[in-house]
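Accompanying notes for the structure given below.
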Amino acid sequence: MNSIPLIHFLIVSTALFFIGVYGFFTRINMITMLMSIELILNSVNINFVAFNKYLHPESNDGLFFSLFIIAIAAAEAAVAIAIIINLYRTHSTIDVEDANEMKL
Amino acid sequence: MSPLILILLLPFLSFVISGLWGRKYLKNLAGILSTTTVLASFVISVTTAYRYFFVDGKVAGKFVAQYPVDFKWLEFTPDLSIHLGILIDPISVMMLLVVTFISLMVHIYSLGYMKGEERYATYYSFLSLFTFSMLGLVVATNIFQTYIFWELVGVSSFLLIGFYYSKPSAVAASKKAFIVTRFADLGFLAGILILSYYSGSLEFKDIIARYTDSSSPHLQAAISSSFLGVSALSWGLVLVFIGGAGKSAMFPLHVWLPDAMEGPTPVSALIHAATMVVAGVYLVARLFPVYAISCPAALHVVAVVGVFSSAFAALIACTQTDIKRVLAYSTMSQIGFMMFALGVSGYGGEAGLGYMASMFHLFTHAIFKALLFLCAGTVIHFVHSNEIKDMGGLKKSLPITHIAFLLACLAISGIPPFSGFFSKEEILTAAYHHDKLIFWVAVVTAGLTSFYMFRLFFSIFYRGEENTHAQSHHGEGTSSMLAPQIILAFGSVLAGLIPFGKFVTSDGVGLEAHTDWNFSLLPIALSSTGILFAIYFFMKDNDKAEVLASKFGSVYISLKRKLYIDEIYEFVTKRIIFNLIAQPAAWFDKNIVDGFINTIGKATQVFSLTTSVWQSGKVQAYSAWLLAGTLVVLIMCLYYLQLL
Amino acid sequence: MDLILMMKNELMLVFIIVILLVMKVADNGRSSGYWIGVINVLLIVNCIIDWLPVSEGELFGGVYKSYALGNFGKSLLSTGTLLISLFSTDWLKRCQHIAEFYLLMISTLLGMFFMISSGNLLMFYLSLELSTIPLAAMCNFGLTERKSGEAAMKLILSSAFSSCLMLMGISFLYGASGTINFEVLSIIVQETPLYIMGFVLLFVGVAFKLSVVPFHLWTADVYEGAPVPVTAFLSVISKSAMIIVFSFLLYHVFGSLYNSWYLLLYVLSIVTMITGNVFAIRQENMKRFLAFSSITQMGYILVGISGSSAEGVTSSVYFIVVYLFSNIAAFGVISQIAEKSGKETISSYKGLAKHNPFLAWTMAIALFSLAGIPPTAGFFGKIFLLKAGASKGDLFLITIAALNMIVALYYYLRVIRAMFMDENEDSIPVLHSGAPLKVALAICLIGILITGFSGPVYEYIFTLSNGI
Amino acid sequence: MMDASVISFYVISAFLLTFGLMAVTAKKIFRSAIWLLFSLVGIASLYFWMDLQFLAAVQIIVYIGGIVVLIIFSIFLTQDSGSALPRAIKSRKIGAALLSVFGFGIIATLLARTAFVETTTPMDVEMKTIGFKMLSLGGDGYALPFELVSILLLAAMIGCIVIAVKNIPGKP
């Protein structure tokens, strides 16, 4: 089991994190931005679980942390989607580029 | 609780009452109310002064500080707390007298001057606020209290200068005054922080005690730690002086003072002649032992800045045509005198002559300069203009003002036996014994002073015909306007006879003032020459002089030509003094010093525009900045901890 | 019993949430006035209960901590919320979803309370989200307004992103230490790259909430778009809560990483003050203007906190008190004007003093306080911050801070000039403000004028901060 | 020696990273959602691979059953799902890519430099333990966070309802 060193997990999760970041920065559509956020959150989950399992197995803090993150992600996604839908009503688009009336 | 606290409380109450209910319910009563409270404060000040100087002030032949009111206001740390209190010592008593007296005069004068003004009650509430803050500043027992009231003085003068807020120039002026002095206050604040950081106390008595005792660890620490090669103590003192220079309009922080003349004239008399502008001098005097004993270098800065400002302002005053601006520059020049008098002084005994002279001059100057402003107010009231060209020949219409103005001019020029002579004399003596260069600059400046003052005097009251169409119907003003002028005129004549050195000295021990007439000859001669010049140029209208010349015909002309008196005069005064020195100085003042401050404002706006790209309105760009910022911060941290 | 006493603040909020839910379910077309009345009474009760003393200690084995400064902060937040609720009456009357609005607001407040009291990273993260996600929904309560939706979108997306970064940091802290408990963490945390990385990312998450430059970019847009009461809540309550948490984290949990956070505070406070000022100068919209002014204020607070002593904490908490009153007063005026006349720009405030002297004077005093001009409390707040900052003996930072305070004067005076000195033919007519607004503004004014001069307030906070 | 579990780890990792990348680069939004789904499944299988069945189950139920479905619904509501997505300008893409790579570089380097002391002690991931801890009031219990999340979900639900329900125009 321990044939895979912890650092490989961390590299995978960091890579996933920055894939999400890339998506978050380049996607124009708000829903796809939201998807990128989900990817990032998942990468953090991997971190927590891997740390828990490989370094600190005596308690389940990391595991619980990721459980709670999943719950929060659900709430966040729900509110974000509600906001996006409302934005769609007022702007008739959900392109983030089209929602920049306020600036400077 | 000592009754002294009433000195402060009464004006404050008057401020609150006329501020809150004045406009609706009190109307004209507000003026009476404020005046009464100030009168009460003045009476208490006088009794305090009497008791302090003649009854219980001296301990073993020496005036010592008393603390009739002192309560702990809040605690920073167990050994550093802020007190609010009242400090009674020679200079604070003297200032109490000056402030309450001048304020009383201005209050009475304003009863007539501001009559019919729509915001009459507001005006009086602001005046009371100013008086309150100035008194609080004067009696402060610690440097923090000084700072609070210092700022309050700034605020109330901002309100008063901007009183005619429908005039854009008044608004701009008040804003400028506020911002420039705040800029200087920054120096003061930094100075306070440095001084209190090393002394571990905010109390004046502790600061002075700890910084003047050469064996104290506080002094050692403050001297040994340095920044840019200058010790922390010097930095602190110089920064405090910068704060003082801002309020006292020393070069180059004086730019606000001439503009501040946009306020009502009585306000100028109160703020820009007698009280607020000397706050800087007072502050240096307050900390004087520290300057004199532990840090002569900082004191030298005070002297140089003082004498330079004095000469600089006197030169510019010769070129101004706005009567109040002339007075403003002359104030700056006289405060320069006080400043360098402190700068050339030593601590204690005969060496402390400069200190005593400076305070003396502060005292006499307050009286005659307030008088000058009040007279100017009457003149402006009469002709409805600030410009010299709109005046002239007013001697007949304004006889009392004419006399009062003349007395004040003689006083400021240092002609014996008027008050200014005695104080200026002491200053010059002190300067002579300390630094010859300063002395000579000062003597010449004194001559210039009488020149520009009498130029003003003759231009107002003699030259030309009275401009009848601008003449107003109310004559010289009400008795409430005349009475203060008369009282102050008496003061200007007599104040010099007070044996000041017996009461106010650097170490509390009396000092015998001695007037050495031989020494005095030179300054008196120079001042008189200045007056003669002024008479020659400005007493008669220049055009009239030419008409006269044509009448006398060739005899006169050839006589004049032959002697070349006119040409020499022309050459010396107009070409050299005026064109070569005074004009460039005025230009420098207007364009470089003033322009610098405007440039800062413009540069900020340009910078602001160029950075606007940042706030693009795009949430992704925002997040990208967030990430980039995070990474930068992270690298910075790791690099700093040498973990990279 | 312990539980009820120690968590009384939180339990009271939960209680209000339950009452509101039940009332909403049983609602049969009550008027909005009725709702507002009931809720304000509940909030007043909540406020009173919050100011009652609480015992200090821990619950749930250290997951929940009650400490003096935190409890003071909670009471302060309750008061602020009450004031905001009072001045938003007019806006709420137009709102179709009063009960829901308050439900969200109180959940957010509950989140902040738990955040202040959190004893471990998990609680901290959860309560942070609890105080953010409903807030984003609140931003969207101007349901048909384009700007409101945009603001909500910007808030939720950027805060989601920042909390992702923060989570990453928390995961590193957890990985390095094996614990999420603050007490344990504070003992074993040390200067290794992993800890520093975790700490910096966590710091950024908090700095984002505090709108510290360069993590501030969302602030102005969200402030401008959100309805005024929400902006006030976001700017005052949320920020104040974050400051308390922030000082708790720095002093209590990451005390041993002092070197790194001093550096961070040093650099970021300078950048924050300058940027806030530079942007504030240009703003035309009052809400954006206050957004940048609040960014600058955060910079000063960072200077105070960097003083790294009980004095630093005291001065920043004291400043929060001042900031709360001043900003609520300012927002109260803005909300009244925006609600009654729809105007939000500085130029439309021209000549305000003519017809609405009370509003104009309130605004002027609030701005004076924000600018730090005596005798308002803001002056003392800033002096104490500088004093605390100077206790490190670093004069460069203090000089920059003081310089910025002077630059700031310029734009505060600009608004005051517009209100008092400029003429305007199209000036805002006489607005009749309701009693709740007047009460709220009066309380703020008293707060602004009294807090500064009353030594006991500062000393009381000082005694509280010693424990941190 | 490369045994099956090692190989499967790398396969899973490659799988989830590839689909993650595809999810953020796909040209059509519906496809993007499907790739996200795959990537999340990959993560779930990673949890399975670590013997964390409970977490894997939660991942599948909440993420795949809940969030992704929600996202797909909202796509149907707001978008013509077959049409191509608007694309970011090239400079932005390059900037984002550089920033991401740079960030990845820093964090990965720092992680790689850290010497982790790994243990072989197994985790106690019994359902019973998790359930017990979730509701325990003690120091290692999660009752309070659990309650907190429930309030958060309640608040989020209320917020969603208010915002997403059709409004009467003209009223805020």
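For the reader, a short list of remarks on this structure follows.
Just so it is clear, A, B, C and D label the chains in written order, and each chain counts residues from 1 on its own.
Here, a residue touches a chain if its C-beta (ideal position, glycine included) is under 8 Å from a C-beta of that chain, and two chains touch if they have at least 3 such contacts.
Here the structure is a predicted model, which is why all the values come from computation and not from measurement.
In terms of C-beta pairs in contact, B-C outnumbers the other of C-D and B-C.
Central chain assignment: C. Criterion: smallest distance from chain C-alpha mean to the mean of all protein C-alpha atoms. If you average the Cα atoms of chain C and of chain D, the two centres end up 31 Å apart. Centroid to centroid, with C-alpha atoms defining each point, chain B and chain C lie 43 Å apart.
Separating the centre of chain A from that of chain D, both taken as means of CA atoms, is a distance of 5 Å. Chain B and chain D have CA centres that are 70 Å apart.
In chain A, 17, 20-21, 24-26, 33-34, 52, 55, 58-59, 61, 64, 68, 72, 75-76, 79, 82-84, 86, 89, 96-97, 100-104 are the positions where the chain touches two or more neighbouring chains simultaneously. Annotation for chain D: residues touching 2 or more other chains are 92, 95-96, 99, 103, 107, 110-111, 116, 140, 142, 145, 149, 152, 156, 159-160, 163, 167.
Residues of chain B in contact with at least two other chains: 612, 615, 617, 619-620, 623-624, 627-628, 634, 638.
Taken pairwise by the contact criterion, the protein chains are fully connected, each one touching every other.
In the complex of the two chains, the chain B residues touching chain D come out as 620, 624, 627-628, 631, 634-635, 638. Chain C contributes residues 121-122, 125-126, 129, 133-134, 136-137, 140, 143-147, 149-154, 156-157, 160-161, 164, 167-168, 170-172, 174-175, 178-180, 220-221, 224-225, 282, 288 to its touches with chain A in the complex. Interface residues of chain D facing chain C in the complex, by the touch rule stated above, are 107, 110-111, 113-114, 116, 137-145, 148-149, 151-152, 154-156, 158-163, 167-172.
Per the touch definition, chain B reaches chain C in the complex via residues 72-77, 82, 147-148, 151-152, 155, 162, 165-166, 171, 175, 178-179, 182-183, 186, 189-190, 193-194, 197, 227, 601, 604-605, 607-609, 611-612, 614-615, 617, 619, 621-623, 625-630, 633-634, 636-638, 640-641, 643. Chain C meets chain D in the complex at residues 14, 17, 59-64, 91, 94-97, 100, 103-104, 107-108, 110-111, 114, 122-123, 126-127, 129-130, 133-134, 136-138, 140-145, 148, 152, 168, 175-176, 181, 192-194, 197, 227.
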